[in-house]
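Multiple structures follow.
In the two complexes below, chain A is the common chain; its partner is chain B in one and chain C in the other.
Now for the complex of A and B:
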């Protein structure tokens, strides 16, 4: 139903805009980015807990119960984010969480001209490398870049970068994994 | 024997590692938001293509492949092709930028593979010449030519009355246990020495049944030119769904490439391929399961709306290519299992309307001892007639009509006993000709043997033989002719038709043999 889809789209855009605008007013770009990080973690938690997402969307709870539940579950999150999530739960829109997250990232890029690039390495980046990565990604993406640095020893070496849903994997572990697959296929034909 | 040393192992490893591509790829990455029933709903893959191969990686680094099916506004519905239990919510999914492909090449001959082209026969790796997409658009009109070369099955009832041509789609339809697979296997066995590549696609069958087929084909030296694609009953629905298309892709390699592996053309002839889909009813059931779990709307008998298109685009890949395109061909023998003889069910009517004819097998005939249990009354071949050899056309021209009038008379005379001589003769001829069509399994007959046998029956040489001796008479007559009158077959093979001279010689030979034939009773 196109009308319904349009309404959903507008709802998603409204939640995302409110979130970005409120965050920006409360603390500028840093606050927007801080809420972005929290939102990402919350999304990951919700996706991996089927019971939680079901409860947030369940019509067997009253809107008030869902709102209270959301407030309690996300109590440690930033109050702006926690309140938006509580309203989503109250209005039965919690299933739109993934779409709101996408829309939030788009809004962030549009309003602040900023793209967040997640960089994962084995050792901490030095200033020189940080500058090289920022210059390169800014040139490629055409926006200002904010790096989110993560340390993950399991990469063994190399670098893993992701931005806008795309991932560039130049880690040693994935090269080794690729080598393992090639050698495995050429010795047993991938027999299963 | 080559000596294995540390140095040789080191060299082999270095060679393989040198071949590794170490380039860094930028891929779109999404997240699994729900998984179950072999289906995954994936978030974040905005640029995924329909039918694209997706790479799922779980938290332990294990990789499982999937195929993008439903491209929705905010998520992608994908079917998992491997270990469905390995993937959980929140696992990452990467696009690969390529559609699902299977390895293809000459090394696949004689092998048993799964629908992803991986060997499952324990005979080691397959060095493929390349890969071909599982979904491939059938060639258009200008690349084709009409069916004109015969594809003999070696089965008298089929080759005489339901002739199949190279590039034709002939459906084999019947209830369970009526000998559908037997006809297909006989057809494969009969291709020995005829430069035909055979592909047998087993869908949703017991692994033991497939093992039996492999053993039979090996016993009759048919595996040398055969490839078996197996998606057994224990494989997931997506694997059973792609199996026929994977088989077609493996076969297309031979149609579109010459013997040297280079693209076919006027100077480099493409190969002839026979592909058996055993059976498409099970593929339809697998696709129904997949579609329902993907939440596609159900239609008639709960099959999805595009089930007709699924089968039509698969069978449209059967082709006879034009001379400019190498003249290769792919003949398809799809099999459909009916329930209690109901051909008006959804899938049977669909496939009947798509194919160029059908071989209909009847349970009643099977239990009456008429094997193969082909009901020649309702079996047809719409295009194969132009591919039939002339000698067979000459003798089989009236056979179908004779048998039809025999059946009509037989039904009618069940109500009365007084029959005139002409009617009795017609009934007698019909009974003998019906008996003549009986044939054992794995016992294909060369086409000229078939023509001679029908010639003998059609000219009344069997009429005085007891019905129960007809099959023995046929066998002994053919042995006699091959042993003592081989020149008749030489002439027939040369002329490809019954000339007056051949007929005179043949008549004399049959009469001579008949004198020495001893009826059993």
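Now for the complex of A and C:
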């Protein structure tokens, strides 16, 4: 007899699979990656707005009201993603959003053999740099890599890469911070 | 002997009293005989006068010996007893006084000794208290000095750490400024390439 945890897990996997498969059928890998990017932004918004997530999970609303609310809130998103989110809200599964996101990334990696690597730098990458980065990350991760490039001047220089919850921080600001900590912590005992 | 002397004096007194009484009782007879007699007879008593006088004297003596003298003797004995009692009492008082005086002197000496011991004890206690206070004051002073040293040391370390932190911040700030302003895009890309090649792996633990 399946317990509650297993049911939750199966639900999460079902939502993620539906999303990946529907996106792939609609537009191939690019569509899957596009929905991935939208999903990431939506997750960020939901996490930073407790009222929104509470409303989506609230039992004081009827399932139909929650579904309508989700459709209206995520109207700008891809229809596939908006529909899945609306169904989750209707069924009272919106609290599983983070787990669906993780499962979506796993499905993406498993079915398309693709890992999205977020790359942050202070200047735009040229083709040569992209090639270097892709070669390195593909060698590390063992999958095809798609880069998501971001510009952040606060890094001062260098590069910040993250994939599957792991990251490599080779930015100048982190190295300076490390140097600052070393300078502050390196005491000779205080005798002078 | 005392009793004998007392009896002799009693008899002489009785004679004197009898003579006086006779003289007073028969004054005319005495003057008559003085006028008529002469020579030795002048000094010898006339028998006619003498015998009544003697009889009167004896009667008087008997009366006095029978009734007067015992009362007089009783008075004397009473007086003697009173004086004797007074003397004995006085002697007892004197002895008691001497005893009390000795007692007082003893108590005074004891009080003096006690006072001396109290003073000595107080002095001893005072010295002990003084020593204790001094020791405590010295210990407190030492603790305060120790604390002050620790506080100074902590302040020194804090100041040094603060200075070191400030210098680190300043150095990093200057380095940040230099890197941020002086590097071109191409130089940034070269740095990125170098960092990517030197960076660790995603699979690294």
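We take it that the second predicted complex is superposed on the first by the 178 of 192 C-alpha atoms of A that agree within 3 Å, B and C clash if a C-alpha of one lies under 4 Å from a C-alpha of the other, contacts with A are read in each partner's own complex, and residues count from 1 in each chain.
FYI, contacts are C-beta pairs under 8 Å (C-beta built on N, C-alpha and C of every residue); 3 or more make two chains touch, one makes a residue touch a chain.
All of these numbers come straight from a predicted model, not from anything done at the bench.
Enquirer: Look at the residues of chain A and decide whether chain B or chain C touches more of them.
Expert: When the residues of chain A touched by each partner are counted, C comes out ahead.
Enquirer: Could you tell me if A:179 is touching chain B, chain C, both of them or neither one (first, second, both, neither)?
Expert: In the superposition, A:179 contacts both chain B and chain C.
Enquirer: If you stack the two complexes on chain A, which partner ends up touching A:170: first (chain B), second (chain C), both, or neither?
Expert: Both chain B and chain C are touched by A:170.
Enquirer: Report for A:44: first if it touches chain B alone, second if chain C alone, otherwise both or neither.
Expert: In the superposition, A:44 contacts chain B only.
Enquirer: Looking at A:5 after the superposition, I want to know if it touches chain B, chain C, both of them or none. Which is it: first, second, both, neither?
Expert: In the superposed model, A:5 contacts chain B only, not chain C.
Enquirer: Quick check on the superposed pair: does A:129 touch chain B, chain C, both, or neither? Answer first, second, both or neither.
Expert: second
Enquirer: In the overlay, answer first, second, both or neither for which of chain B and chain C A:75 touches.
Expert: In the superposed model, A:75 contacts neither chain B nor chain C.
Enquirer: Which chain A residues lie in the overlap of the chain B contact set and the chain C contact set?
Expert: Residues common to the chain A contacts of chain C and of chain B are 166, 168, 170, 177, 179, 181, 183, 186-187, 190, 192, listed in rising order.
Enquirer: Mind pulling up the chain C residues that touch chain A in the complex?
Expert: Interface residues on the chain C side: 153, 156-157, 160-161, 164-165, 167-169, 171-172, 175-176, 179-180, 183, 185, 188-189, 191-193, 195-203.
Enquirer: Would you tell me which residues of chain A are touching chain B in their complex?
Expert: Residues 5, 44, 47-48, 50, 98-99, 102, 162, 165-170, 175, 177-179, 181-183, 185-192.
Enquirer: Under the touch definition given earlier, write down the residues of chain A that touch chain C in their complex.
Expert: 121-126, 128-129, 132-133, 136-137, 140-141, 153, 156-159, 161, 163-164, 166, 168, 170, 172-173, 176-177, 179-181, 183-184, 186-187, 190, 192
Enquirer: For a test of understanding, state which residues of chain B touch chain A in their complex under the given definition.
Expert: Residues 13, 16-17, 19-22, 24-31, 33, 43-46, 61, 63, 73-75, 82, 88-90, 94, 114, 118-120, 122, 124-126.
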